[in-house]
Amino acid sequence: MEELQSYTYDVLVIGAGGAGLRAAIEAASQGARVGLVSKSLLGKAHTVMAEGGIAAALGNVHSEDSWQAHFRDTMRGGKLLNNWRMAHVYAQEAPERVMELERWGAVFDRTPDGKISQRAFGGHSYNRLAHVGDRTGLEMLRTLQDQAVYRGIEVHMECIIHTLLRDGARVSGAIGRLRATGGFVLFKARAVVLATGGLGRLYKITSNSWECTGDGFALASLAGADLIDMEFIQFHPTGMVWPPGVIGLLVTEGVRGDGGVLKNSRGERFMFRYVPEMFKGEYADTEEEAQRWLKGDGAARRPPDLLTRDVVAKAIMQEGREGRATPHGGAYLDIASQRSSDFIKSRLPSMYRQFKELANVDITRESMEVGPTCHYMMGGIRVDPETQATTVDGLYAAGEVAAGLHGSNRLGGNSLSDLLVFGKRAGLYATEHANKQRGEPVADEAQISQAMQEMLAPFQSSGEEGPFDVLRDLRETMQQYVGIIRNEGDVKKGLEAISRLKDRAGRVRVTGTREYNPGWDTALQLPLMLTTAEAVALAALERRESRGAHTREEYPGSDDAFSKVNFVVRRSGEGFLVVKEPLPEMPQDIKKLVE
Amino acid sequence: MDATFRIFRGNSQGGGYQEFLVPVEEGMVVLDAVHRIQEHQANDLAVRWNCKAGKCGSCGAEVNGKPRLMCMTRMDQLPLEEPVTIHPVRTFPVIRDLVCDVSWNYEVNKRVPPFTPGEGDLWRWQQKDIERPREFRKCIECFLCQTVCHVLRTHDQKSSFIGPRFLVRAAGLDMHPMDSISRTRFLKEEGGIGLCNITKCCTEVCPEDIHITDDAIIPMKERVADDFYDPVRWLLRKITRRG
Amino acid sequence: MQDTAARRKGVGKTERRDTWWLQPLLTVVALGAFVAYATWVAFTGDNYWVEPYLSPFYSPLLGGNLGEPVLKLRWWPFTPAILVLWVPLGFRLTCYYGRRTYYRAFFWDPPACAVGEPRKGYHGESRFPFILQNLHRYFFYLSLVVVAFLWYDAVRGFVFDGRFGVGVGSLLLLAEALLLSMYSLSCHCLRHVAGGCVDCLSRRPARYRLWRWVSALNANHGLWFWISLSGAVVADLYIRLVATGAVIDLRIV
């Protein structure tokens, strides 16, 4: 039998982005033995890509801001499909988590009186995003990374988890492999925190990194956990559309927050035509009013370019359908006509560089061309709003992989504070859970040997499929059939395609050795990706309405029958069961806040 | 148009160059070409990458002998009439193909004295206070500076020199407006700042345009000189301590 | 067995395709020419003065038979240049930009980035004699004194027989005083003293302004290094040519 490296921890954290690091830090500070597993090198997680800022009602720029206002914006942004208690906890705790980052050495931009500065962002009624130029995610991740290093947390870098292990009904660890050697590694743990991030890589056009393959959704589901809201995938309105190599690469919402405006090929600011009923009266009606807002006129309402992401993404698509798309099929994003060259370079330095170096576009003089790109997964593992416990004993989830906070659409800036608030909570309650366990965690030999066999299978396969060919087809399938605008026929075709791809994935053959073999990694990733993709498609099929990020062509409006339900995707035998469940009811005093 | 790539294939035991032909498209970067090869010609071609946007710093390699991020190296900046050579960075041991073992850097990082705020400080400061630390915190840890630095690359003094990346990190912490400790002794005795001969290759390769030498290393050399090499200051310290 | 260390060693070993050797070559030629010229000037002890101009290589004038010495050190057996030239020489030798330049071009430590080096042992600036580079700040202070005298010489260069006048030489000396001031004031040590040593700059507004100002100059320290060096040679050469009668000083006013 193959040699197996083995580690035992109180708390095993899978994923070393913002949520994973924050969970590990919390668990370590509670005295737990913590192991942190990272699919990439430490500090490379997709969190570094976050640009705009961390939303928290600090009230440094607008003192009227409060957790209640943040709660209200979050709920309304999510079209009230959020788990109210999660949003409640979140809005209350976010400011403290941001202050804590500062205590750990993060250097946020300042207000003139020396406090953390906050910028405007889509869907937030006050300037709320604490930021570090346009590289807030990097600052946050580095600060957390430094804390983790300082606390001596053991990190297993470039380690990919294959399966969660169970001891009876509870999770007792995980097994995976180290990319460098291809050797197998076993983690036994009293509690496991999943913080594996999103699934953008299921789509052809995405802003997401290599790692965001949606492993966590599948790992949890296969271990028996419930998934909810899987139909809600956010397509960010502004991704690059040219050149081909960078299609989907994110253009921060900060561009619009700092004055950038959207225009169609005729040069019209089309967003004025797309203000939804729910937000009528909250956004500027005329360009003149929008210009006054830009100049800092407190009485003017914000421009409709700052509407929530689902609205803006659909507006850009609509302009394209009506023949007003830019040469590469997007919209123009123009900040050059709104702000000085120095302002742009100091507030948006990495955007300036990104366009200069990758597209030969000088954003201080020319417009950018942008279009929707798969950006964020609102849905995911169902968790307890306070403890982040999943429906499986011993398994916790935090960050993008967990669901509930964002409802049907996430506001920009809410994701970074989500990572901090619920990362900390997951670490805390996972430690509590671990402390209650007696004896060492047990790993089941049968599960271990099955996992090892599965991992070695692609080398022994007699099939002919190339791993990257199946991956490419999966991404095209999802883009085409379960993309921004869906209909029943398409989604069904998508499901059929997924089922065919599953067969093909079983016939994938890998060449070469086990050392750092990306073909092998991809081959083993495919079954997990297909599982996650299927869950998304199934949920998309069930929600026969359009709400937030989920748009059904044949049901263009929202339907009250779906306004208070979540779809739960649950593993059942070899397939999935989709169950409609009512949302938790809001207490009266909380309800008042959102009305 | 097609371009020829000479890519290192091998592992810690050795290896050599293998040639690939790749069609070139508009706006293509070197990492696109490597991915294309991986997808169609060599599924097991090892390359480390994450974001493909110059933000994670994973895909460093030596393109035509120069340490660079493959995702930010446009094909139209390279002479394509001759083969494009891609070699893993030479300062760290090869794991496989274009992937190196950079774990040494993570070990060094643990030794840098952490951020240590003073007791009871008022957490208010101005934008002007963060200009300096901010520049250093742009670092994406691609380790290209570590790769090109001749103290590590040619002289292999990894046991006595922490390299530009961690001199920058130490500078960022030292110049943080709320930090209360000095890192000069660490830099002199463990960091090996005296080994840096400020030849600025680190600055030349930095994809984030951090002025590593002028803004981080030289100011730290001056702080070290204040504490250890300034005879007048030394004398003053002696006098005031005794007086 | 893979031996990356062996492959990257050896003088000039590299996979770079560009003309990386051009910069060190030009530096050797330029600095070599300057050193040769300066040595010759320092030891000739002649033609460094022609009313009202004093060669910057001899300023401040501390002896000799020509001009108006500030001090007359009669016991000194060599040319007065040698009494003062060690200051600017030391300033430039310990200059952070100068160090970068000659470590690369003359010591090949390294000749260019990602290019192999000749020597095996390496101690950088951690041992004698290079550890003395840490005294750069004192050369900076001393060179401020020299710069003050250069300004005095520049002003003196506008006084012809007690009257104001302007000759080509006056302008050259003025330019050289200005250039050397820029070179000195853009020094990394001044940047450190001005504000580099302070952590919380907002609490020291005056130092912050000074630091910003020196930092802006410092960005072009290398440029000032080269043009002030060339300026000194041009001024000296001109004075020398006028002194030997090869050219006649052109009076503008």
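We just call them A, B and C in the order they show up, numbering each chain from 1.
Everything that follows uses one rule, which is that a contact is a pair of C-beta atoms (placed from the backbone, for glycine too) under 8 Å apart; a residue touches a chain by one contact, two chains touch by 3 or more.
All figures in this text were calculated on a predicted structure; none of them were measured in a lab.
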| item | value |
| --- | --- |
| Category of the chain touch graph - line, ring, star, complete, other | line |
| Per-chain CA centroid nearest to the all-protein CA mean | B |
| Whole-Å gap separating chain B and chain C, where each centre is the average of the chain's CA atoms | 31 |
| Chain A and chain B, separation of their C-alpha mean positions in angstrom | 29 |
| Separation of chain A from chain C, taking each centre as the mean of its C-alpha atoms, in whole Å | 56 |
| Multi-chain contact residues (two or more partners), chain B | 125-126, 129, 176, 178-179 |
| For chain C, residues contacting two or more additional chains | 202 |
| Interface hub residues of chain A, defined as touching at least two other chains | 114 |
| Residue ranges of chain B touching chain C (in the complex, touch as defined) | 10, 12-15, 62, 64-67, 79, 82, 85, 87, 90-91, 93-94, 125-126, 128-129, 148, 150-151, 153-157, 174-179, 192, 194-201, 204-205, 213-214, 218-219, 221-226, 228-230 |
| Of all residues in chain C, those that touch chain B in their complex | 1-2, 4-5, 7-9, 14-17, 96, 99-100, 103-104, 109-110, 113-114, 116-117, 120, 122-127, 130-131, 134-137, 188-189, 191-192, 196-197, 199-202, 208, 218-219 |
| Complex contacts: residues of chain B adjacent to chain A | 11, 25-29, 32, 38-40, 43-58, 72, 74, 95-97, 99, 101-103, 106, 109-110, 114-115, 117, 123-127, 129-130, 133-134, 137-138, 140-141, 173, 176, 178-179 |
| Complex contact set, residues of chain A against chain B | 40-44, 46, 48-49, 99, 102-105, 107, 109-110, 113-115, 132-133, 135, 138-139, 142, 146, 149-150, 155, 157, 180, 209-211, 242-246, 249-250, 350, 353-354, 357-359, 466-469, 472, 510-513, 515-520, 522 |
